[in-house]
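In the two complexes that follow, chain A is the common piece, with chain B as its partner first and chain C second.
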Partner chain A sequence: MKPQTEKFKELARENMSDGTQRAMLKLFPPLLKQLRDASFQDLGEEAAMEKGRRIREDAVRDLPYLLERFEDEVTKAGAKVVWARDGKEANDFILSLAKEKGCRICVKGKSMVSEEISLREALVESGIETYETDLGEFIIQLAERPPFHIVGPAINMTVKEVSDLFHEKIGSPETEDANELGGYARQFLRDKFQNADLGITGVNIAVAETGSIFLVENEGNIRYSTSGPKVHVALMGIEKVVATFTDAVHMLKLLTRSCMGMAITKYVSVINGPRKKGENDGPEELYIVILDNGRSRIYADEMLRSSLQCIKCGLCSGVCPIYATVGGYTYGWVYSGPIGAVLNPLLLGLDRARDLYHATTLCGACNRYCPAGVDLRGILLDLRAKEMTGNKTFGAKRPSLFHRLFIRFWSWALLSTFLYNMGSIAARVLTAPFVRGGKLLWMPGFSGWMKARDLPRFAPKTFHRLFAQMNEQR
Partner chain B sequence: MKGVALFVPCLIDQFLPEIGFAVVKVLQKLGVEFTYDQRQTCCGQPLVNAGDSAGARRVAKRFISIFEKSDYIVAPSGSCIHTVKEQYLRLLADDPKWYQRAEKVSERAYEFTQFLVQVLGVEEVGYRYEGKACYHESCSILRQLGISDEPKQLLNNVAGLEMNPLKDADICCGFGGEFAINYPYISEEIVREKVKNFQDADADILVLGEPGCLLNIRGYLTRHGMSGQVRHIAEILAGQEGVQA
Partner chain C sequence: MNTLKNRDEILKKLRICSSGPEADLSSELIRTPVEDISAQYEAFRQNLVVAAGNAHRVESNNEALQKIDEILTGFNASSIALSGDEVISSLGVRAYFQGRKIVVRDLAKSIDEHRNISFTVDAGITGADYAIADTGTVVIVHNRNNPRLISLAPPAHIVILPIHKLLPDIDTVIAEINPVTGELPSAISLITGPSMTGDIALQATYGMHGPEVVEVIIVG
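The block that comes next holds the complex of A and B.
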């Protein structure tokens, strides 16, 4: 997927003027949030969340050890682990494997990390027919759009839009019935599933103790992709592993509740190795590709490390006032919402995505609801600090000299009572010509604010002055 | 009660001194002796938000030197207190000596209503305020500091004041400091939603505890000629006659 993170401001305006999208964003996140709250009731929310945070924090801390253990167990189960430093290595491996095995048709389960490395595009380019089989992903593949939401990639599209799209791309009759549309997608994909010789999926949770991978879904398409084709490739970021099976089950409970407000999804596949003798289904070969792609760099930075605890439930988008206003496309790349505002800059380079970590009110709703303990608010602030110092590791470019000087003067004024008081006087004198009826008509930098909001004038005297005068009079 | 230091955040100092005096009036009514150190400026939050850790670190050290001798540091703003309580620790994490001093200050910093309820054990201040009001849960007070019952309890006990629910009271008003300046068109949409919920509520007064939210929401109301007032909780607790500022 080609990043457009530089165009944040433009994309924000464009998406905010889309009435359908705005209406949808007013309805669907609050609804999901309600379902989420209700689904947590049987679990004991606070304790369950705390346990989830601890599991993910421990797992990420012990990542190097857990990954090695995972590889050992996976190998014992008869599957192969392939390490990929970046997207190119991962794609190259999967392409050469497909070629070697003579694969022609690939069915794909939903995987954000595959979007991150443009795996589908790479497969298609090398002549392998590739189909997204998750309904939402199938829709955006046909529509050639990026995912609108981490969990619901096409949640913003209306039935009419999808009907038109299907009619044009797969020749299905037009309909206003969403279920019928699902049926057409199913019909179209059935034949692909039956003839596919390569199945590609992501991984929701990997278990170091047993070498198992968990795949979580509602449609059955992942089950089909992992049991029909003779080769199954599961792609995961290095951060997906947890220590024990029990830990994985707990994270599963949090994942389905945070994602969809469901106690459990319709399908949960736990895969241990390829088909064994005497088993009826499953692939002949299973490869688990473990991708770094910048993650070990994040791991090495203590301030940023908790971003790897993310389990991609998408709940932070659902509670974010910015996401609710600008929508998922505005984040310009694979990941959207608060986790997108953190991961997109970290994976693409801070300089290419600076609006993402500045366009936030730091309200902390994401932190409050994150089931995996990602300190999104703290990381957003840290990215700003990394920008200020021009951090090379994460591709930051320092702000303009003018901006830096402005900040520097400001900090000086806060370091001296004398300068602070002088500044207070200067602000009053300089803005005096622009005061009308107790309001400021102009202030540098505030023209945007003043389009929709009044700004009061500086109080004639500061609290400092008034309080001092009061004490003198006594 | 000894060693209570009042910290007046820069937005209140510069734009809304009446809130500072409302705090003074409430503290005096409750018989709290407090000091106001004239050297104080700002907690450095704008620098933290701008990513200027070096500048913020210097401001933090200065703040600590001024306030560390007090047993309690009280400010009518959740975001400033959060800066003192949490950000200072992060900024000074690599400097053991300063970190220790920051820890001391962090333990002693209280948001205004938190101080009244948790430290003084106050249930009601004792002034009257006539009207119907609702309470906006400012992000830094609700989530960053975990304070919600304290202000509501104080408001519920104000004679003459009827408290009614506000829809989505816990959702951000769209201020976010530099955010509202740099992304005004996004911020505007979010504050519009907040104002709409206020207009739909059975209330004439929107009460909150954060000067930033106050400037944002009040600015939107007055610009659009809408009815309703936005008040800092200290102004309500200080009673109808208000304060001389």
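The block that comes next holds the complex of A and C.
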């Protein structure tokens, strides 16, 4: 998927003027949040969240060792592990595998990491018929749009829009019934499921102890992709592994609840190697592609490391006031919401996505609800710090000399009582001409910042002054 | 691409920064005791109904067959596929439908035949290894006798299992499967009601890719 993160402001403006989307955003996140809260009641929310944070923190701490054990166990179960340093290596491997095995039709389950490396596009380009089979992903594949939300990729589209799209692309009759539309997609894809020879999925949770992978879904498309085709490729980032099977079960409970407020999804598949002798279905061969793609670089930075604890539940979007305003497209790439404001810059380079981590209120709602203990708020602040210091590892471009000098001057002035007092007197005098009806509308040097904000005018007397007067009166 | 070289390179980068390993790599198995089996069945049924499926409790194999008959008649099914696991093979489904209009397909001998059957019959009838009361889930441990597509490709899935396989929660089921010492099967499916999506305008659509009907019959 081609990044558009440079266009954040433009996209924000465009999306905020989309009435349907605004209406959906008013409805969708609060609803999911309610379902989530209700679903946590039987679990003992606080203890369960704490345990989840610990499992993911420990797993990321022990990451290299867990990956080795995972590889051992997967290999014992008869599957093959392939390591890829970047998206191109992963794609090249999967393409050459498909060629070698003579695969023609590929059914694909929803996988964010495959969007990250544009795997579908690469498969299609090399002539392999490739279908996204999750309904939401199928819709955005046809519409050639990016995912709007990590969990609900097409959730912003109306029934009418989907109906028009299906009519145009797969020739189904027009309808106002979402159920019928689901039926058309089912009919279209059923034949693909029956004849596909390559199944590609992501991995929700990988287990070091047993070499198992957990796949979570509601539609059944992932079960088809892992049952019918002779080759199954499961693609995972290096961070997906947890220590034990029971750790995975606990994360599963948190994932389905945080994701869509369900105690369990319709289907959970636990895969352990390819089909065994005598079995009539399941793949003959299972390949697990473990992808780095910039993650080991994130791992090396202790401030950023907790971002690898993310289990991609999408809840941070659901509780984020910025997401609720600008919507998912504005983040310009695969990941949206607070985790997108963290991962998109880290994976693409800070200078290509700087608006994402500046456009935050730092309210910390994402931290409060994250079931995996990602310090989103801390990382967002750290990204700003990395920008100021021109961090090369993550492609930060230092701000202009003027900006840096201004900040330097600002912190110097704030540290001196004398300068602070002088400044507060000067501010009153200099801003006086721009006060209208008790509001300060403009300040020299702050025109950009003031464009969207009005401040109350400065009080006639400073706090220091008032405090001194109060003491005199006593 | 040299995957071994990549492996070493990636792991080396991670090892330099990792303070591990500290975690214990052994699952902590938790079992919740079964107290009142009837109450547990009722919880299972209610949770499955919330998940848009249905549950029935019958006393004998014969009653189970009658229930299957009733369900199949309910949606005019004319063909069924059977799994070959113990529960199903001891039930005598074929004999029961002898002389009736319903075509009964046993577990196929070949992969292609199995696929064709699964994609064309009106209902798949399988056993299950466990059921989970607090979520309304059935758990199928797949093997040569209980393959994957029979519970997935037909528009209806009828599941049968004995009541002592109904356990309180997922943790207890995992403890029974025992990932610590046991050899794991190639796949385990946890199925909670019919296939569903909310991907178009958040409207619940059942029978998205998998079955639209899931009926669980618990014997005993």
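As a convention for this text, the second predicted complex is superposed on the first by the 453 of 474 C-alpha atoms of A that agree within 3 Å, B and C clash if a C-alpha of one lies under 4 Å from a C-alpha of the other, contacts with A are read in each partner's own complex, and residues count from 1 in each chain.
Simple rule for what comes next: a residue touches a chain if its C-beta (ideal position, glycine included) is under 8 Å from a C-beta of that chain, and two chains touch if they have at least 3 such contacts.
This is a predicted model, so every value here is computed, not measured.
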{"item": "Touched partner set for A:385, first chain B, second chain C, both or neither", "value": "first"}
{"item": "First, second, both or neither for A:13, with chain B first and chain C second", "value": "first"}
{"item": "Touching partner for A:429 - first (chain B), second (chain C), both, neither", "value": "neither"}
{"item": "Partner chain(s) touched by A:23 [first = chain B, second = chain C, both, neither]", "value": "neither"}
{"item": "Partner, of chain C and chain B, that touches more residues belonging to chain A", "value": "C"}
{"item": "Chain B versus chain C as contact partner of A:194, first or second or both or neither", "value": "second"}
{"item": "Touched partner set for A:446, first chain B, second chain C, both or neither", "value": "first"}
{"item": "Which superposed partner A:31 touches (first chain B, second chain C, both, neither)", "value": "second"}
{"item": "Of chain C, residues touching chain A in the complex", "value": "1, 3-4, 6-7, 9-11, 13-30, 51, 107-108, 110-111, 114-115, 119, 134-135, 137, 142-144, 147-149, 152-153, 170-171, 174, 179-180, 184-203, 205, 207-211"}
{"item": "Chain B-touching residues of chain A, taken from the complex the two chains share", "value": "9, 12-13, 16, 321-322, 325-326, 358-365, 367-368, 378, 381, 383-389, 407-408, 410-411, 413-417, 420, 424, 427, 439, 445-446, 448-449, 451-456, 458-459, 461-464, 466-468"}
{"item": "Chain B to chain A touching residues, read off their complex", "value": "8, 12-17, 20-21, 24, 36, 38-42, 44, 46-53, 55-56, 58-59, 62, 90, 139-140, 143-144, 170-172, 174-192, 215-216, 218-220, 222-224, 245"}
{"item": "Contact footprint of chain C on chain A as seen in their complex", "value": "27-28, 31, 42, 58-59, 61-69, 71, 77, 81-85, 89, 92-93, 133-136, 139, 152-155, 157-159, 162, 178-179, 181-183, 185-186, 189-190, 193-194, 207-210, 212, 218-221, 223-224, 226-228, 238, 243-247, 249, 253, 260, 263-282, 290, 292, 296-297, 299-300, 302, 305"}
